[in-house]
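Look at the two complexes coming up: subunit A is in both, with subunit B in one and subunit C in the other.
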Partner chain A sequence: MKSSRSRRTTLVAYLFLTPAILGLVFITVLPLLGVVGISLTHWSGLVPPTYIGLDNYRDIFTVDPYFARSVVATLYFAVGAVIMGTLYAFFVALMLNQRIPGRGFFRSVFFLPYVVPSVGASVVWGWMYEANFGVFNYFLSLFGFDKVQWLGNDITATPSIIALTVWGLGNFIVIFLAGLQSVPTSYLEAVEIDGGRAWHKFRHVTLPLMSPIIFFNVLMSLVTNLQIFIPARTLTKGGPNNSTLYMVLLIFREGFERNNFGHAAAVSLIFFLFIGALTGLIFATSRKWLFFEGA
Partner chain B sequence: MTRQSMHRVNVPVTIVISILAIACIFPFFWMLRSSFMSNLEINRYPPTLLPTLWHWENYPQTLRTFPFGRYLLNTLTITVPALLGTLLTSTLAAYTFARLNFRGKKFWFMMVIASMLMPGAVTIIPIFLGWTQLGLSNGYVPLIVPAFLGGGGFNIFLGRQFLLTIPRDLDEAAYIDGAGHARILFQVLLPLIKPVLISIFLFTFIIYWNDLLGPLIYITRNQQNTIAQGLANFRAGFGTDYRAIMAACTMSIAPSVALYFIGQRYFIEGIVLSGLKA
Partner chain C sequence: MKVSRKLLVLALAVSIFSVIAVSQATAQKTEISYMAWYNTTQSEADQVQATMDRFNASQDKIHATLIIIPRDGYETKVNTMAAGRQLPDCTELSEAMTLEFASAGLLADVSTMYPPDNAPLKSLAFTYAGKPVGYSSGNEVLLMYYNKKIFDAAKLAYPPASADKAWTWQQYIDVAKKLTKDKNGKTADQAGFDPKNIVQYGTDFDRTWWMWPIAAVSNGGGLMSPDGKQLLIGKPESIEAMQAVADLYAKYHVAPSRSDLAAMSTLDVNLLTGKVAMATGGQWNIGVTLANSVKDGLDYGVGVLPKFKKAVTYNTGAPYGIFKSTKNLDAAMTFIRWWADEKNQWPVILNGTLMPVMAKWYQTDANMRQWADPDVTKTPRPAFSMYKTAVIDYAMNNAVQVPWYYFNGYTGLNDILESGIDNVWNGKQTAQDYITKILPQLQKFFDDHKAK
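Here is the complex of A and B:
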């Protein structure tokens, strides 16, 4: 009786899980194997692929003029966006956690950019960055500075895209604020009784208790931001001087605009290993600064 | 600390946060203000804060070259089925992981969690070539079907976490009454997990509304473009007519902003749930 019931449960479980398992197989596992396979071929899409061994990889590391540039640009953008985004969100959340009127209202305001589709955000910021009539250069001129080609030179292009990305990180603010509100006041009061000042409270109570939340969100946003595509595709097309030719844009261009699927797949696989190594690095160092209550 | 001081407002922080909030809203204001200006006024330097004359006709004029209604319909053609698929299949998986005990549960759950860290952009090439082999690489099918395959690890995880907080008494009572798992899930538990379903709905909506890479790969005909795609093309094609571009942009982000104001509470709850409970 009992075994037939548990057999039925197993049957129901796998029935319910069928879509998810098909998803794992067809969206994750097989495509990953596919990336490996395709990367060993020359495939233009029009004629059947031909096996060329590791030639694509050799080309990437020797003659491809874009790859190295793309890796650097992607890393620059993603690390910049994650660090600036975390600092910005933490700073705003800390302030929202003070005694201020209309906290809920302010929270809604800072969250709002998160729901704006990336293309829309890019287009609006692109107009504000515009060199001749854009409002940012007007603000600069009020302080006596010359006009800057925000998206038109390779020094400011990626920082400009970082700024509009950070603006959209309202979800971080909401998460950090909720985390701050869950820090027990008794801990903070204990530091106060011991004569600790605001900095001590922050350094020895708030920050350690928040570290798992920060860790998780930094990890997720790093993976997201390494895949930056929309602002670069909408505003800069990878330029100027390939300074915003981020990895996904490179893969897209090689694959879908140049029909060079083998090469694009090889770049994809390296990109995958690159992301894996970075997340691995974060996990490895996390033991040093991560604090788990009761652990 | 006295009760009095607990209620005192921190004035310097209030001032700083107000300035930051104005800066945060500024891009919205600038977009709207620009969308109502004449072409002469928008390119005036130094810029004026508000239009001297509100050119409402910018919108109907923009619509002549930016078929927003068409794009909206196209986007909904993808988003509505994708929402259905995501809600249905992620709930099924979430229920299974939260409530059923079976062989291989740990393995599949680990797979789902691992897939959350899987960067989707890595596999666009093989997935596209796969759809090409099936002869379906041109159209909406590749954008909709994946939603019916589990709806993403993140949503499964979110649903499971929420289900774990609901006491088992109800499903056990129903089970004793002879209800099957489908009935327990859809009749007993569904009303109770409404908040998480709404959160999944909102996040999925945002993701599909946001997507540009997918439509660029699979939708080649202008007639079938989504809003994101249409807006990106419009900007590329009307490079300097920022008055029209801002009008198009305003229309494009309006649905998301409207949805935010309607579902704000669930957005905030869902974000907190996703960011803290993990």
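Here is the complex of A and C:
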């Protein structure tokens, strides 16, 4: 039997949790249920919806000419951005963890892109990618190379957007840096005493101890990058040749530009499951490569 | 002292009374709202507001409020307002959304808006279920623009300025080859021509989704029949024309690829800088783009499109619509009549952005010269003699409507058609293979959406 004191503690706890629960219910759970409902209808937003059962789901896999290539484009982008982003952020964090002159300054410089609003950053990168007057092609021309249509060519469009995304990963650098600083120096010294070199310290101490942080960053990065939208919306509008028609852009286009809210809702639910499945996969495999101190 | 206090009270009473009287007079005015877009700059929005102010100053029974938002995202905004039942009384609509709104029962029938003897051209009516639901705000057609200096230097005749003299497609290719140059100065019809290093393209035939099918119409095909009841894109004539448009880049190298175009500038700059010798484009380019480069020395001409079997062009123009939900249909019609009146849009007609919509402006030479003769308009426009045959006569005698005037679902149909079309434009797939592959899907969509 619980004491009245512990009951009161529970009550107070729930009281404090109420705003969060209300937020969750009204901003996440109910809209999600709404999306499930809309996905079973044909709804243009202009006239009342009509119930059509699972037809939207069937159409996605049978007649929608964009869905399959959108999945491929999204995966290509997300995997590319996760790999490049993790390598970049980890490498920069390692460098910024060294005793170098102006370390504080460089840490700020690498963090700065993260605080730049992404629409603004996309537009500025769009100018740098511009084929005639952009700075990238200017440098190429100095070395005698031909112009590259960075965003106008279906081979270079997604890598160009990956580069711009990776550039903005200041927060990951900070998280890696915090992790690196918490690696106990005694372990590193032990390796030195045993005759180990920098590589051994990195491979057998730093990397295993950092694996939970890498895991966190990879997971967050994957979930975020699968939802890529702003650069594709501002710079390429899904083109060229649908190479940057990422899933969220497809959902947005179907819903708000084509008035197919039912279809858009069905795509977004499939997308939701898709992200869930990928996240689950990473969790399932994580035991094999995660190392927890003391575990 | 007492007298002055009485006077003060009297003055107060008079002023309160007059405020009430004025506010009642204002209250008696019928309030309507009108939604419109601006393309790039806030100053454009200010100009629209200035026109609105002129309307309000001219009316004693109607007061209209302007809701103006950027062009990018306009459809999204109107759709959201429709979903939220917060629509204005009347609006500027994009062509593609008009019949969709009409089919949802949102647009009012505007057949009584104009008296029959003073109405817009019939070709400018968006029709749903046999009733007009909006008239285009301008009469636009597709044309061929060219840089005269490039033709002079190559000693070639200018593209024909009248439909009866329109080039055949083969003549068009032959001229385009002579005007396409590589970095060594070789033209596309000479041996040793280097298609990888082209410095001047002979032409660009616009592959924008609603523009290129005019080639198919000219060949006896098209996207669909003009009554919107038969899908024609699978006809051999349509496929042949589509392939011909693709071949300009993929086979003959006389036009830029689509990704080359993405790295190029606007039509006027491409002509001015000699990147392209001749290019198709809408009539609106005269005011919107070409006028800018005339200042920089561009000497351009305008002609008709090349033809396959018949000389033909598309006509189009974004319409004004009145929402059925309005409680003030008559006031909204009065407003749209005023707003669409050429005299209230005169500056953009004189500069060549819009052609008039009322039939009367096309009926006499004197009427046409008022808006199309540069000696009268004092704006940078092509010579009247050229414009008269290449644009006005062409628009009046050889234009057919873009299907969005009569087919509800043009955007959806096009979504399927465009889904892999870049492979055709890039030469990776033939038009025949591509259309064969997607035809069942196009046919199904078309059958689901055509007028029953």
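Just so it is clear, the second predicted complex is superposed on the first by the 283 of 295 C-alpha atoms of A that agree within 3 Å, B and C clash if a C-alpha of one lies under 4 Å from a C-alpha of the other, contacts with A are read in each partner's own complex, and residues count from 1 in each chain.
One rule holds for everything that comes next: contacts are C-beta pairs under 8 Å (C-beta built on N, C-alpha and C of every residue); 3 or more make two chains touch, one makes a residue touch a chain.
Everything numeric in this text was worked out from a predicted model, so none of it was measured.
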Which superposed partner A:45 touches (first subunit B, second subunit C, both, neither): both
Partner chain in contact with A:132 - subunit B first, subunit C second, else both or neither: both
Touched partner set for A:256, first subunit B, second subunit C, both or neither: both
Touched partner set for A:96, first subunit B, second subunit C, both or neither: first
Touched partner set for A:178, first subunit B, second subunit C, both or neither: first
Touching partner for A:32 - first (subunit B), second (subunit C), both, neither: first
When both partners are placed on the shared chain, which of subunit B and subunit C touches more of subunit A: B
Subunit B versus subunit C as contact partner of A:60, first or second or both or neither: neither
Intersection of the subunit A residues that touch subunit B with those that touch subunit C: 45, 130, 132, 256
For the subunit C and subunit A complex, residues of the former touching the latter: 75-76, 79-80, 82-83, 100-101, 104-106, 258-260, 262-265, 411-412, 415-416, 419-420, 422-423, 426, 438, 441, 444
Complex contact set, residues of subunit A against subunit B: 6, 9-10, 12-14, 16-17, 19-24, 26-28, 30-32, 34-35, 37-38, 43, 45, 92, 95-96, 98-101, 106-113, 115-121, 123-128, 130, 132-133, 135, 138, 141, 167, 171-172, 174-175, 178-179, 182, 213, 216-217, 219, 223, 226-227, 229-230, 233-234, 247-248, 251-252, 255-256, 261, 264-265, 268-269, 271-272, 275, 279
Residue numbers on subunit B that touch subunit A, as the complex places them: 6-10, 13-14, 16-17, 20-21, 24-25, 27-28, 30-31, 34, 42-47, 89-90, 92-93, 95-96, 100-103, 105, 108, 111-112, 115, 117-130, 132, 146, 148-152, 156, 180-181, 206, 209-210, 212-213, 216-217, 227-228, 231-232, 235, 242, 245-246, 249, 252-253, 256-257, 259-260, 264, 267-268, 271-272, 274-276, 278
Subunit A to subunit C touching residues, read off their complex: 44-47, 63, 65-66, 130-132, 147, 149, 151-154, 240-242, 256-259
